[in-house]
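What follows is a pair of complexes built around chain A, which joins chain B in one and chain C in the other.
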Partner chain A sequence: MARISSSQYLWLGLLVLALILHFSPGPLGAFVTYPTEWVVSVTDQMNVAMRWFVDAFGPVFKAIGWLLEWPVFAAQKILAFLPWSVTCFIFMALSYLASGWRLALFALAAMLYMAGIGYWAESMNSLAIVLISVPMAIAVGFGLGVFGFYSKRARRIIMPLLDLLQTIPAFAYLLPILILFGFGTTVGLVASVLFAFPPTVRNTILGLRAVSAEIIEAGEISGANARQLFWKVRFPAAKSQILLGVNQTTMAALSMVIIASIIGGTNDIGWEVLSTMRKAQFGESLLAGFVIALMAMLLDRITHAFATRDRAISSDEKALKSWHLVLAIAGAVWLLSLVVPALAEWPENLVFDPAPAMNTGLENFILNWRLVLEAIKNSAFFFVMLPVKIGLIQAVSPFTWGFALTPVLSFAYAAALVVIAGFALVRARAAMGVTVLLIGATLYIGLTTMPWAVVLAAFVLLSYQTAGARLAIGTALGLGFLVIIGLWPQSALSIYLCGVGVFICFVLGSGIGIWAAHSQTVSTIVRPVIDTLQTMPLFVILIPFVMIFKIGEFTALLAIIAYAIVPAIRYTEHGLRNLPPDIIESATTLGATPAQLLFKVKLPLALPAIMLGLNQTIIYGISMLVITALVGTNGLGQRIYIGLGDGDFGVGMTAGIGMAIIAMIADRITQSVSLRKQQALGLKTEML
Partner chain B sequence: MKKLILSAAMVAFMGTAHAADPKGADTPIKIAVNEWTGQNLSARIAGSLLGKMGYKVEYVTAGAVPQFAAIAEGSLNFNPEIWTNNVGDIYPKAVESGKIIVSGDLGLEPREGWFYPPYMEEKCPGLPAYSALYDCAQAFAAADTFPKGRLITYPADWGTRSSEQVAAIGLPFQPVAGGSEGAMIAEMKSAIAAKQPMLMMLWQPHWIHADVKLNLVKWDSESADCLAGKNQSKGSACGFAQASVKKIINADFAKTWPDAVKFVNSYSLSNDVQNALIKKVDQDKVKIEDVVAQWVADNESVWSGWVK
Partner chain C sequence: MPGTDPTPLEVKLSCRHIWKVYGTHPDRFFSNKSGRLPDGVDPLNHAQEIRDSNHIVAGANVSFDVHVGEIFVIMGLSGSGKSTIVRCLSRLVEPTAGEVLLDGQNLLDINKRELIEFRRHKMGMVFQNFGLMPHLNVLDNVAFPLELQGIDVKERRRRAQEIIDLVGLEGREASFPSQLSGGQQQRVGIARSLAVKPELWFLDEPFSALDPLIRKQMQDEFLRLQRELHKSIVFITHDFMEALRIADRMAIMRDGEVVQIGRPVDLILNPVDDYVREFTNDVPWELVLTAGDIADPAHKFAKGMGHISADTSVATLLPYLADHEAGVVVRDGDGNDMGVVNARRVIEALASGVQNPAQVGM
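Here is the complex of A and B:
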């Protein structure tokens, strides 16, 4: 028989409170549903403040926007001027010099695809924005990362700022950028820099902090000054982690360029995706979306290969010669294109268009598999989503489960929970017993129908237990703010949808990550798939799901999973693959079985990376919520969309801040859990 | 002045027919190009005719809502097709302050209402009268709305008229927000492919009507000042007031291109013309430039009065 700790009594108390409030609140009804007459609306004040800000500083931002437009304008002009064959050759040469023939062939295939599908001009316009925004984002990100590494105080400001930028969904700050910088290409540029630099900061700090003390010491002993210590010791040692950040920055910049094309102003590939999406042209939008994914993979592979090469080679005279050669051949190709028009502009009769066939294929698929698809959707909906959302109490009905939830069944359900909990208690697993009761009660009442006071108290209690009083106060203030400004119902819907999505992502994603870390074949297959998923415009991810599973939450859930699973896989694999080899070796020599090695050695050691992955999964899931508003989910995402549609800064921004609050609380809790686990294991704490 | 970049340098020089170029012929007129084919046709036909008058024209892609900020500040000059039912907050303010000038109706007659595929008339014989929906709600039901019928409404940010209408006339239907136009059209297409029940708030002219046949639910009466969900009940329902489609220009337009204003004021297109052209672009996959050029060549008698 285990003793129940005081904190577990608190949880049990909360459970009782939930049941009382839910079933007979009496005079405490205000703690179940927050009364609308108590709501303090802040949207009007925010709009007034924004108007004042624009009046005061508008010209400054307009001037910056005007300046920023020139590099993009120049890049677009150059790319539009060059014949496709020359651009194609330059990319092939870059790929060859960076990595070798395989990448050069990939570059050729990607470029031929862009030209052959008939989207060359649009592709080049998007590429121009990306070519300008990625270096800007990396410069900002690296600078802030280094600053944050050296100054703890700066880190305190930078980290929440990053969370804000990554969690306030792109849509929400498109509107203020539009208001401040004016209509045009600048909106996409600014938005993509803002959205894309945080991963570089995060990974720069993580990488620099992970440099082991011995290496630094060795550098100091050999007499390095501060600058040398940074550039010759810390930076090279942290480079692999920083590059992971650069990689993510590139991907994020591209996907933001696409989202920003909702504003217009540039005839780019994102606009093409959006207008075909609007017409529900599945094939066309997928083909255009694939251009973006190819572009991302190409840029990613080239930069990655260049950065990991030995420095000595790139400054070598031989390399200089090869650059001369590249320019000479590019010039020759250009001259040739003056004679052969097909090399200057892709001939129209060679444009291929598989879109109609793809559309027919999808239609046939839906027709033939309708019953199966319907069954999948309905069982996910009836047995998983509805119980979490509105509780068994409403979800179980003859129409859904085939029987009604009679009082007898309810009693049996409660009894079963108590028996399991009691059994756990006897087996000295008090925590497990309490958890079973809590999950059981939540499933019975439902997450969105749970009294707001109980949900708030639960988050505060969880924050207190994992991270202490400060986070608990922050959680209380943050969630309390959402309650008071009247956003609680939308917030609860968002928490429910995102929670289910993140849970599935984490379980599935870590599994795939572990597999990929142990099998080169799996890794080789998985990498392009997750790169594609991450860089596919989010709208395009939606289209096949909505064609198959229709408008609604199930489609939204699938889209969230498709997008947010990427960091879970990526970070797990990265963490497992970058473990100190000596520890693995000594564990193996001590005779650990593969299973022991994985669960007792590798996973605990990779925990910081895996937790960073969970952290990112939550942030990705939340940012996908605003996109799922496009398929009719309610919640905070829908509010942001409404704000953008009405040009209402306050409505969009409060919802955006609401999402950021939820994300940050979830983020801090997961970080703290990870920290405690590491301390328990006696590991070096690697908290970002 | 902002530079708005275009890939294919879509600047039209077609002023050969005129001996003297009109005032402002050197400054390109920037015409907004939105996300849907119908508007693209309206914009390009207008642009092509302005080109015939001797003006330079640029087509600039612009989101339907963000474009109003751009027109108000003069980055864009002209949009011949603004649907007044979905304009957000910026548009009415800009019109009120005189930054955007409305120059009359385009001539399109939008039809909004609840559409259904014809096979639903077999499952619900009383259609197209709305009164039939009361008895055959179950024929329109889906798993998540059963036993109520399922009505796909506009995305939540386009207003809630359908939901209010359902409540007002006490229809046993569950309104489900469509999310986005793309999602709604995907839904409609997949329902028709599988012959599943479908009732959806939609509008005309829209290219989907060139693709599939859809029927419109009929109300007891029709009137221009009919408000959805207000003062309506079972037995006396008028449905939805119909939107109008306006041509708009920015404040300086008349100063910069005085003669072009006359064209803008007289320019008009009908549902039939637009639907036919939309079909050519979206269904027959003819390039939009060719469709426009063909129409302009064939209809000189229609537009010769506008360009004088």
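Here is the complex of A and C:
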């Protein structure tokens, strides 16, 4: 028989409270559903404040926006002016210099696809914004990074700011920028700079700090002055790390440029995906989505290769010479394109358009497989999602499950839970017993129908137990704020959908991660798939799921899983593969079977890494959740979308803040679990 | 004392009362910057006082001279403050108090710009973990100090090439540090530190990160270079045997304080305390003791005895003594006979040395 600890009693108390509030709240009804008359709406005030701000400073922002438009227009004009063959050659040359022939061939294929499929102009328009926003983001990021490196005080302000910027979902950035700068190209540019600069800051600080003391001393003793010490010692020694930041910045910029096209008015590739998706022209949508995917992969591979390429191959003088060569050939190609028009503009009759065929094929597929698809969708929805959302108590009905939840069944369910919990308790697993009861009760009542006070108390309790009083207070204030401004129902919906997605990702992803850690074959198959998924801009991932399952929560869930499973797999595999070998060896010598080795040694030791993976899974899940508002999910994401559509700052912004609050609480809880485990185990686990 | 050079040595670098204190207010323990304490204050007590006020004493009243062309070794266990002291000499670490006199000029008085000039032209340093620039190849790493001086590419590469040839790295000029073995990397480190033809050469545990075999090789290499270059050297090590091999004179440090300074043999023969004796215990005496150390002036000279110079090590003598029972006459540098060494004398010295080394040879 195990002893139940005091914190477990607290959880059991909460369970009892949940049951009482749910079944007979009596005078405590306000704790079940927050009364509308108590809601203090802040949206109007925020709109008033914003309007005042725009009236006061609008012209300044408009002027800045006007200034910022010029380089974008210039880049767009240049890319439109250049024959496709020249642009294609330049990208091939870049790829070759960065990595070699294989990447150059990939560049050629990607560029041929863009031109051949007839999306050249749109692709170049998007690329132009990226090409302008990336240097700006790098300049901002590098400047802040260097400042943060030298000044501890600056770092103390910059780091939390970065945390905040990276937890605010991409969508939420757009609204204030839209209101301040007005419709136009600038929105995409500013949003992508803001969204993309944090990785450069982080990696700059990280890289500069990682330069070993001896290298600095070697520079000093050689007589370097302050300027030389930075530009000739610190910076070059940190360059690889900084370039990794540039890689991440480029990917974020592209992702944001694509997302920003949702405000419309721009003839770019993101808009192409979105508008065709809205018209249910999934063939076109998928083809355009491929363009984005290819662009993402190409930019990723090029910048990544520049960051990690072997120093021995590259030397300044050689690079300079090859650049002259590249420019010369580019010039030659351009001259050639004056003679051969096909090289200047992709010939109309060579445009390959498989979209109609794809649409027909898709229709046929859906017609033929309709029953299967619906069966999948409905069973997932009725048997998994609905119970979590509104509880067995409402989800089980003759229509959904084929039978009604009679009192007898309810009683049997409760009895089964108690028996399992009791058995766990006898087997000295009190924590497991309590967990079974909690999960059972939550399933019965439902996450969104759970009294708000109970959910809030549960998060506060969890924060307190994992990270201490400070986070608990923060959690209480943050969630309390959402309750008071009347966003609780939407927040609960978001927590539910994201929670289900994250849970599935975690289980499935850890499983795949474990498998990949033990099998090289699985690892080599999984690695490129998750690499590709990670570089994919968010709403490209939506396309295939929308095509097959139409709009709805199930589609959203699949998209969340596809995107957020990446860190779960990656961190689990990484954690398991990088354990101290002597511990594994000693356990093997002690006679541990492979299963014992996994469950009793490896997994406990890899837990910090797995928790960091969970952390990233949640952040990924939340950013995808917001995008899934496009396919009709309710919750905070939808409010952001509505705010964006109506230009309603208050509505969009409160929802954005709500998302950020939830993301930050989840982030802090998982981070501190990982940190505590790391300290307890004496290990150090890095963010990947 | 036997073996003392009669001509007074020219002092290159003089380190006077160096203190390095870490903590919240390190300056408050010193009334002036010279590091000299008021009369009647014992430095050891003062250091303890500083420790008692929650400060860390990395260097306490450290004083020593480095002569022109001398290898001066600072030996101590990790945490004894030896690395801090060598950094104080070049102001990589700013001493809390004291004086560092280079050719009579106090380095702690000069401004940043002058300091940079000093570093560019007078000092070279070799680091334990090499401290090579990962982004530069061997040639450019060696040329790096020259680059900082603004010397043009051709000239600095030419000069770097000379040094590379000197340290035996020819053929690896285009390699990057990550492609070299530890021993090769440290050759690059040595070459770089010599690129500006410095007068002062600091080596901070240069061979500690290397395999024992390579270490031995590098020590020989280092001694060869020094015979050619005659630098004034401060060499840091935690390895007593290494110190014995290369030191002209050495200092032993503990807890930031210098415990004893002298020639290796002086330390072995007259350790000031048990701490120093700990190190000397494991020393193979026959390698350290020289004929001069154990020559017996009272012993009668016999006809037909051979003679050897005073700095011959006892180990080299052993085969000779095995054949010549009478022994051998020891002669100092000026050709004066110092006394006789025979087999019995050697055995006495080796045996008694273990018990009470202070009496050997006296």
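Everything below uses one rule, namely that the second predicted complex is superposed on the first by the 508 of 688 C-alpha atoms of A that agree within 3 Å, B and C clash if a C-alpha of one lies under 4 Å from a C-alpha of the other, contacts with A are read in each partner's own complex, and residues count from 1 in each chain.
The rule is simple: a residue touches a chain if its C-beta (ideal position, glycine included) is under 8 Å from a C-beta of that chain, and two chains touch if they have at least 3 such contacts.
A quick note: this is a predicted structure, and the numbers were derived from the prediction, not measured.
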item	value
A:N267 touches, of chain B and chain C: first, second, both or neither?	first
First, second, both or neither for A:V233, with chain B first and chain C second	second
Chain B versus chain C as contact partner of A:A253, first or second or both or neither	neither
Residues of chain A touched, compared between chain B and chain C (which is higher)	B
Contacts of A:A606 with chain B and chain C, given as first, second, both or neither	neither
Which superposed partner A:A224 touches (first chain B, second chain C, both, neither)	second
First (chain B), second (chain C), both or neither touched by A:F399	first
Chain B versus chain C as contact partner of A:I205, first or second or both or neither	neither
Partner chain in contact with A:I215 - chain B first, chain C second, else both or neither	second
Contact set on chain A toward chain C in their complex	212, 214-215, 217-225, 228, 232-233, 236-237, 239, 311-312, 315
Interface residues, chain A side, partner chain B - complex	66, 69, 72-73, 76-77, 80, 121-122, 124-125, 178-179, 182-185, 261-267, 271, 274-275, 277-280, 282, 363, 366-367, 370, 374, 377-378, 381, 399, 539, 542-543, 546-548, 550-552, 629-634, 638, 641-642, 644-648
Parts of chain B lying in touch with chain A, wherever the complex brings them together	2-9, 32-37, 60-63, 65-70, 73, 75-76, 86, 88-90, 143-144, 146-147, 152, 155-158, 176-187, 189-190, 193-194, 207, 282
Interfacial residue positions of chain C with respect to chain A in the complex	87, 90, 92, 112-113, 116-121, 123-125, 127-137, 144-145, 147-149, 174-176, 178-179, 189, 192-193, 196, 202
